[in-house]
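Here it is, the structure in full.
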Amino acid sequence: MEDPARSYFNCTDSERATFEAGIKLGSVYHQFVGTPLSEENVDLTEKSIEEGVRVQPFVEDVSVRIDRSHLRAKRSPYRYVSLTGNMLNVKLTVRYGLSTAVCELSYLEELKYPLMRVVEVRGQS
Amino acid sequence: MEDPARSYFNCTDSERATFEAGIKLGSVYHQFVGTPLSEENVDLTEKSIEEGVRVQPFVEDVSVRIDRSHLRAKRSPYRYVSLTGNMLNVKLTVRYGLSTAVCELSYLEELKYPLMRVVEVRGQS
Amino acid sequence: MEDPARSYFNCTDSERATFEAGIKLGSVYHQFVGTPLSEENVDLTEKSIEEGVRVQPFVEDVSVRIDRSHLRAKRSPYRYVSLTGNMLNVKLTVRYGLSTAVCELSYLEELKYPLMRVVEVRGQS
Amino acid sequence: MEDPARSYFNCTDSERATFEAGIKLGSVYHQFVGTPLSEENVDLTEKSIEEGVRVQPFVEDVSVRIDRSHLRAKRSPYRYVSLTGNMLNVKLTVRYGLSTAVCELSYLEELKYPLMRVVEVRGQS
């Protein structure tokens, strides 16, 4: 898709691709952390987050997985949890011009941190 | 459903029902305002917000409608919008003990404000 | 303060007071959970959440405390955390007409749950 | 500051700098849009958003300005607004290794869109 905002940017295609990927990963995290979650709505929540990413510019592919190990069937009124960043795994591919950035959000045990990272940049820098 | 937290409260069933309804309406607004939205994901977003309410305590029924008049088909990379409170219509029924609170969030032209209100309380006060 | 929306409600003053309190507690939780937090900005974040509650209707008093036991001085780029509901303690007083609702959000070890509760309702029901 | 997560990335310093900048701009938008706002708390909200950015990795400088033209003194209980993306102006400088990315979020009348953009990349690509 052509970019009507191109003239507002001053960077290479690959820098733009990683910039756009960063925006999407930051937005997933800060928009959806806190969402009420149980076994009943986890599938739908994953799909809804994916679609919320897909409507944003230059997204080629995205998949969202929520770690179900913290979820519980709703046997008490309080048996649900809030989505946290540590439960999120997001794989995201952004293409801008000739460059493609493959990025990921996943919890890193070593850093005790939900790291957003650039897995690979393809195409002209 | 029995309430394992009942002893922590000091109010009537009807006060509790409206309290619980207020929590759910406040959470819909502040969790989901900002969500990226286009004609492609608006149906799924409505359903996902509904299910996020339904997993919370004492919810009997909920329906979420997003005003589509601001949405656009995605013909440019930037042709999507962020969900605002003014676009939201939520109808919510909460039951606690013997009381039922019917509540609503909708934009009120007269006040220029997305008002959360108690439409009706049924059952013993 | 007079309520220009009064005619849209159909409930007692005390039911309205707990409804308004529920909205505020739900909004604190779902607006601010996810906020980046370290020892450097925790004081300011507490104050900012308080002021965000205070501008809303019928709030008489509010205090917000964030549990500092999870915070760390920022010695590595990744030494900060995201605010979770379990770290929040909010005390809130809402007055509507002749009724006052004293409410609280705090983590309840017994339920493993950040409970929003009505501590006391004063004034005509 | 040294980066303990460096080995998880596979990109240049300038691609990393714009990636990190994108994350911060996405997080400001999706964390704080919806915040209740009036003339009473707008200064504090700006400062609190800035500090929430500053605790994140590799931020060299940040300034946040909220457009006050939509704000109102609180003469009625409902005289406050919710922060929208269109009211936000954020200037952000991120440094990673030898590269510095200067970025901005501002509403673009031409696109009717709150655009996040890369103003300049300095240092080795």
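Chains: A, B, C and D, in written order; residue numbering restarts at 1 for each.
Methods note: a residue touches a chain if its C-beta (ideal position, glycine included) is under 8 Å from a C-beta of that chain, and two chains touch if they have at least 3 such contacts.
Owing to the predicted nature of the structure, the values given are computational and were not obtained by experimental measurement.
The angle of the rotation superposing subunit B on subunit C, based on CA atoms and rounded to the nearest 5, is 180 degrees. More C-beta pairs touch across one of A-C and A-D than the other; that pair is A-D. Here the spacing of subunit A and subunit D, counted between their Cα centres, is 18 Å. Subunit C and subunit D have Cα centroids lying 25 Å from one another.
Per-chain Cα centroids separate subunit A from subunit C by 29 Å. Residues of subunit D found to touch two or more other chains are 4-5, 27, 29-31, 34, 78, 111, 113, 115.
Against subunit C, in their complex, subunit D makes its touches with residues 1, 3-5, 27, 31, 34-38, 40-41, 44-45, 47-48, 51-58, 74, 76-78, 80. Taken together, the subunit A residues at the contact with subunit D in this complex read 4-5, 8-12, 14-27, 29-31, 101, 103, 108, 111, 113, 115-121, 125. Residues 29-30, 33-34, 78, 82, 84-85, 111, 113, 115 of subunit C touch subunit A in their complex.
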